[in-house]
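Next up: the structures, one after another.
In the two complexes below, chain A is the common chain; its partner is chain B in one and chain C in the other.
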Partner chain A sequence: MAQSIAGTHLATTWAAPARVVAPLVEVCWDGASWTDETSRVLDLHIEAALYNPATGLPGLGGGRPATMTLTLDNADDRYSPDNASSPLHAHIADGIYRVPIRVSLGYAYSGTPERLRQFTGYIESPLAAMQAGAKTVQLACTDNALPLMQHKHSTALYQDQRADQLIAALLAAGGIGGAVLDAGMSVIPWAWLDDENLWSELQQLAQADGGVLYFDELGTCRYERATHWLEGTDHTTAQATLDCGNAWQMEDTLSWRDCYTGVIVERAPRYLAPLTDLYTALDVIEVPPGGSITEVCRLRYPAYSVVAPAAGTDYQAVNAGMAGMTSYLTITMTPYCQRAELTFANSHTVQAMYVLNFRLRGVPLLGDEAQEIEEHSALGIVPGSKIYPLRGNPYVQTEEQARRLAGALRDRLERPRRLLGWAGPACPWLQLGDRVRVVNAGAGIDAEGYILGKSQSYQAGDMWEMRLVILPAANLFPHAPYFRLGVSEWADPSDAAYY
Partner chain B sequence: MLSFPTISPVTSGQTLGAAQLNSYKSALEYLLGESHAPMSLPGRASSVARYQTSWGTVWTGYLYHGSNTLYYLMRMHNQGSGKVCHARLLYTGDDGAQHVVKTISAVNNDWTVHSGTVDLSSETQLTPGRAYEWRWQTRTDEETYNTVLEVWTVAERGAISGWLAPPTFAAGMSDPDDLNTLRTDLNLLYANMVARTAALCRPTAQGWENDLENWHSRALAVWRYRPQRLYARVRLRASARVWCQWRVSLSDQADRSAALYTSDEIEVFDRRWASVTIGMTDAAVAAALSAAGITLTAGQYYTVKVGIRKTQPAPDAYSLDHVFLCRLSSQAPAAGWAVPHLFAHGDTAISPANMAAYSTDLLELYSGGERLWGESPAMWAGGHQDQAYGYHRKRWLCYLHAEDARPQLYHGANLADSMDLPTGTGWQVYDLGQVAGLPWGGLMYLTGCTAAFECDAPVV
Partner chain C sequence: MSSIGGTTLPREPDAADYSESTFHVSGQRRALDGTLQTCIAATRRRWHVPVRGLTAAEKDTLLATLATPGALTWVDPGGTSWTVVVVGEATASPTRNAEGYWDVVWDMEQV
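Moving on, here comes the complex of A and B:
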C-alpha cells in the first residue's frame, strides 16, 4: 500500500521540473542507536519485486527479498575492520555482517527535507575497493527477510490453521514482530516444520493460499491474500499517474511466455493412521551414573501424537548385570511433529544405566495419494495445449485451496500479459502492489495496473531515478466488481463471487 | 474417506468467493448425508434375572468414548414381589478399576422403563478416543425374589454448547458475522452430532427348533427410530429340508408388538438367503402399527424381532442365522430442506434467498426434520450370533477378538471373500482402506469378535 504523504509536499516536489533529492542513510552499528552515514554515500541501488523474471507471472510473490547495494566513501578507512582508529572499530573488528541499515529518500521543499523510507534491512556483505586512488566500500544489503533465510526451525503439528495464523507463528519463531497479515482464505488441515528454512516455508504458505508475502520498505512483513488487490484503496484507486510528462522511458512488453491454456494444481491430503512404531533406537542408550543424556529421535513419519514411553512396553532400563533400574530413570520428552527430544536421567549415583530396545509409538500422519484440479481457458488464445503445473507445495491439501489456486492462476495466465515499464524521477510513496495509471498517448496507452517491480538508483549530487514494472489490471479480475463483505449487499443480482 | 469441509472464517472487507460459499453447502450436504446414513441396529439383550444380594453383571457392552453425555434405556421388574430392584451402570476405567455412574433402586412390580442421561465430564478415568467396557449389574435385598433387567441401549450422545441462532439474511448490507455464525454452527453439528463410530449389527440369534406353526423369536435388535425404511437380511437354516416362514416385527417399550413383514412360505434345503426392505410409512405397515397401538416417533427406541416358524410337517429342525437389520433411508430430505445454491466464479446470485437456505437447513439439522443425534451405541458383548454385520462407512475397524477365535472379515459379492484380521491383546485397529474389494458403503461382516465397530479415527 502506498505510504502516506500527508503533511508533506512530495506530490508537488515529485512533479516539479527541478528537484533536490534528500537522502538519509542510517546504520545501527551498536545495535541500539542509528548513525547517519549520508555524507559518505556515493550511490545506492534498491531492487524490490513481486515479479521474478525467472519464474514469470505464475510465480508472482515467490521468494525474492528486496536488495540494496550501497557505495560509501572509505577514504579514511572508517569502514575498514583493520583500522583500529576507526570510531566503528569496536563494532566492525570482525567484519560487517547483519548490521541493521535503513534508507529514506525524498525531496526538499523550501530547503526542508521530506523523506519516506525506501529500504529497511541488514548489511550482508561488504566489498572494499580502491579505484583511481579512491577508497570505497560497497555494501550488499538484504531486507528484513535476511534473518529468516537461513533459520531452520522445527515445530509441533498445527491442525486446521489459516495461512496467516501459520505465518504469524513462524514469524514469531524467527523473532519477527509487527507483521501485517491478511486473514487467509483457506484453512490448512496439517502443517509442521522439521528443521526447515523459515523463509521458504513462509513463501510456500503464501503460495498455498494464493497470496504473496514480502517485507516492505519500512521492514514490515506483509501477507496479502489473493483478493488483496480488490480490497484496499491503494489497489483500487491509482496512487500516481505516470505519463510521458514525468517519464524518461516507457516500455511495453507483451509476454507470451506466461500464457497458458490451462492450469493443474496438485494437492496432497493426509490422514491419521493406526498406532505404530515411530522410532526404534538402533543402539543401546547409555546413561552415566548421576547424569543425563539427550537424544534427538527423528521419527519415521510425522506424528499426530506420541505415546509417552512406558517401561516394559517401550524400553528396559538395566545395569550391566541386567538388574532392573527403571526406578532410577526419568525420561523427559519434548515432542515435535517429526522428531522428539528425549532426556534420559539416571539418579543412581554409582551404577551406569543402559536403556535397551527403546522405541517411540504414536499415531502417524500419512500422506494420501496426491489429487489434481485442472482449470482450462475457454478463450482459445493459445493454440494447442500448454499447461502450467503447480505441484509440490505441501500446504495445498484441500480441494477448496486447489480449486481457488487453479482458477485464479488460469485467469492470470490465460491471456498474454502486457507488462508496462516506466522510468522517471522516483515517486517516493509508491509501494509494491500499488495501483498506478500509465499514460502514453503516442502509443495509445492509458491503463491502470499494479506495481510488480520497483528499482531505484541514486547518485550523490545527482538524480534519484525509479523504474517500475507494471501489470495492467484489465482482465486480471474478469468479473469485477466482486462481492465484498460489509461493502456489498445481499441482493439479486449481487456483486460477483470470487473463486 | 469423506472429509467434512474445512470452513474458513471471514472478515469485513473480505472478498467473498464461490469456494467459501460452497463450503457451507458442502458442510450442509455432508450432515444431510449423515442424517440419511444406513444405521446397523445393535443387538439387544434378553432379560436376565438374578436373586443374589451381591452385585453381579447381567450385561456387558463396549463403547467408544467421544462425548460426555451417556444415555441408557433399560426395563426392570421384581416379578411382582413388591420388593426393591437394584441396578447400577459402571465402566472399567483407565486405572483398571470399576466406576459406577448410575444406580437405580425402585419397586417395579411390572416392567418399568428407566432411561436418562449421565454427565461423564467429571469421570477422570475416561479418555476420549478410547473404548471402554461397560456393565449393568443387579442385586436384590434378599434372595427371595429376582431383579429382572432388560437392557435396551447404552450409548453416548452428542450435545451442543454454544449454538448460535442461524442468521436472517434480508436484502441489504452483508455482514461477515452472519457467515461466521454459519461456520460456528456447522462445526458444532459436525463435532458433536455426527457419531464417530458406526455400530455393527449382531443380534441374538441362536438355537434350532423343530415344532410346527409356532413362531420363534430368533433375533433382537434395538432401533432408535429414524425414518423411513428397515432392511432385514437373514439366512434360513434346515437340518435337511423344511418349509418355513420368517417375519419381522417391531415392539415398543410397553410390549405392544406389530408384524411388519411376513414372508411367503419358503422351501429351505440346508440354507437359504432371504431379505426384505420394509417401508415404515407403507400403508400395510402403518395399519399393522396402528392396530397394535404403536406410534412411531423419530428418536424413540423400539425392539425389532426376527422370527421363524415351520409351516409344513417335517422331521427336520430349522433355525436362522446371519441376521442383519439396518435402517435405510429413501434419501428424500425432510419437507423443510432447502437445496443450497452451487456458486461459481462470477456468480451474481448471492441473494437473500440463497443465503437464507443455509439458515433453513441448519435449523433442520439442529432441531427439525433432519435432526442429528450424534449417537454411538455400545456393542453388547453377549450377542450370540457370531456374525456382526454393517455397511462400510468409516475407515477404521476397531475390534476385540474373542479368546481362541480367529477374527475374519467377509466382504465382496455375496460376501464370499474373506480375510483374517490381525490378533493381539486388547483393542485391535485395522485400516479397512487396505481391503481391496470392500467399497465404501459395501456390506461386510465380521466373525470371531467379542466387540467391534467402525470408527473415524483409530482407537487410542
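Moving on, here comes the complex of A and C:
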C-alpha cells in the first residue's frame, strides 16, 4: 500500500521538473541509537520485487527479500575494523554484520526535507576498496527478512489454522513483531516445522494460500492474500500517473513464457493412524549418578500425540547388576511434532542408571496418496498443451485449497501478460502492489496495473531514479465485480423483498 | 583580511580577476516528451582566487598551505568563513614587470 503523503508536498515536488533531493541514511551501530551517515554516502541502490524473473508470474510473491547496496567514503578509515581510532571501533572491531540500517529519501519543499522510508534492514556484508585518491566501503544490505533466513525452528503440531495464524506464530518464533497480515483464505488442517528455515516456510505458507509475503520499506512484514489487490484504495485507485512527461524510459514486453493452457495443483492430505512406536532407542541410555542427560529423539513420523513413557512398557531402568532403579528416574519430555527432547535424571547418588529398550509411542500423522486438481483454460490462446505444475508444497492439503489455487493460477496464466517498465524521477510514496496508471499516447498505452518490482538509485550529481515493473490489471481478476463477504449487499435495501 | 587554512593572505585577491560563483550539484535527464528533469542534491560555491605580488617566502608559505590534503577553512574578502577544498592546481608564476615577485592562482569548491 502506498505510503501516506498527508501533510507533505511530495506530490507537488515530484511532479515539478526540478526538485531538491533529501536523503537520510542512518545506521544503528550500538544497537540503541541511530547515527546519521548521510554525508559519507556516495551512492545507493535499492531493489524490491514481488516478481522474480527466474520463476516468472507463477512464482509471484516467492522468496526474495529487498536488498540495498550502499557505498560510503572511508577516507579516514571510519568503517575499518582494524582502525582502533575510529569512533565506531567498539562496535565494528569484529566486523560489520547484521547492523540495523534505514534509508529515507524524499524531496525538499521550500528548504524543508520531506522524506519517506525507502529501506529498513541490516548490513549483511561490507566490502572495502581502495584506489588512488579514494577509499570506500560498499555495504550489502538485506531487509528485515535477514534474521529469518537462517533461523531453524521446530514446533508442535498445529491443527486447523489459517495461513495468517501460522505466519503469525512463526514470525513470533523469529522475534518479528508488528506484522500486518490479511486473514487467510483457507484452513490448513496440519502444519508443523522440524528444524526448518523460517523464511522458506513462511513463503510456502503464503504460496499455499495464494498470497504473497514480504517485508516493506518500513520493515513491516506483510501477508497479502489472493484477493488483496481487489481490496483497499491503494490497489483499486491509481496512486500515481506515469507518462511521457515524467519518464525517460518506458518498456512493454509480452511474456509468453508465463502463458499456459492449464494448471495442476497437487495436494498432500494426511490422516491419523493407530497408536504405534514413534521412536526406538538404538543404544542403552546411561545416566550418571546424581546427574542427567538430554536426548533429542527424531520421530519416525510426525506425531499427533506422544504418550508419556511408562516404566515397564516403554523402558526398564536398571543398575549395572540389572536391579530395578525406576524409582530413581525422572523423565521430562518436551514434545515437538517430529521430535522430542527428553531429559533423564538419576537421583541415585552412587549408582549409574541404564535405561533399556527405550521407546516412544504415539498417534502418528501419516501422509495419504497425493491428489491433483487440474484446471484448464477455455481461451485456446496457446496451441497444444502447456501445463504449469504446482507440486511439493506441504501446506496444500485440502481439495478446497487446491481447487482455489488452481483456478487463481489458471486465471493468471491463461493469457500472455504484458509487463510495463517505467523509469523516471523517483516517486517516494509508491510501494509494491500499488496500482498506477501508465500512459504512453504515442504507443497507444493507457493502462492501470500493479507494481511488481521497484528499484531505485541515487548519487549526488545524478538523478534519483526509480524503475518500476508493472503488471497491467486487465483480465487479472476476470470475474469482477466480486461479492465481498461483510461488504457487498445482495440487493439494494430499498428493493422489495419477496418471500 | 582573507585567509586560507589558517594562513592570512599577504595580500587580498586581485579584484580584477577574483570571482565566486554558485552551482547546483544535480543530475538531469530529458523525459520522453522533452521535459528536462532535474534532481538537485545541493547548491555550492566556487572561487577563483588570484593573489599577486608575493615575495618568494610568501609564495612558498601559501603553496604549502594550498597543498595540505583535505578540507581547509577559507575566509573570503567579505569575512565569511567556508569549508573548501582546492580543485586542480595551485600555480605560481613570476609577477609581470616586478622581478622577484610572484603571483599565486588557485580554484576552490565548497565542501
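We take it that the second predicted complex is superposed on the first by the 488 of 499 C-alpha atoms of A that agree within 3 Å, B and C clash if a C-alpha of one lies under 4 Å from a C-alpha of the other, contacts with A are read in each partner's own complex, and residues count from 1 in each chain.
Note that a residue touches a chain if its C-beta (ideal position, glycine included) is under 8 Å from a C-beta of that chain, and two chains touch if they have at least 3 such contacts.
Source: prediction; values computed, not measured.
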Touching A:363 in the superposition: chain B (first), chain C (second), both, neither? first
Exercise for the section: Give one of first, second, both or neither to describe whether A:18 is in contact with chain B, with chain C, with both, or with none. Expected result: second
Partner chain(s) touched by A:64 [first = chain B, second = chain C, both, neither]
neither
**Request:** Determine, under the contact definition given at the top, whether A:454 touches first (chain B), second (chain C), both, or neither.
**Result:** neither
Quick one: is A:467 in contact with chain B, with chain C, with both, or with neither? Answer first, second, both or neither.
neither
Inset, instruction - Could you say whether A:339 touches chain B, chain C, both of them, or neither, answering first, second, both or neither? - result: neither
Of the two partners chain B and chain C, more of chain A gets touched by chain B
*Does the superposition put A:247 against chain B (first), chain C (second), both, or neither?*
second
In the superposed arrangement, does A:425 touch chain B (first), chain C (second), both or neither? second
In the complex, the residues of chain A that touch chain C are 17-21, 243-250, 424-425, 440, 460-464
The chain C residues in contact with chain A across the complex are 25-33, 35-42
Chain A contacts chain B in the complex at 160, 162, 183-187, 189, 227, 230-231, 269, 271-275, 305, 363, 398, 400, 403-404, 407, 478-479, 482-499
The chain B residues in contact with chain A across the complex are 1, 3, 5-23, 169-176, 179, 343-353, 355, 395-396, 429-431, 457-458, 460
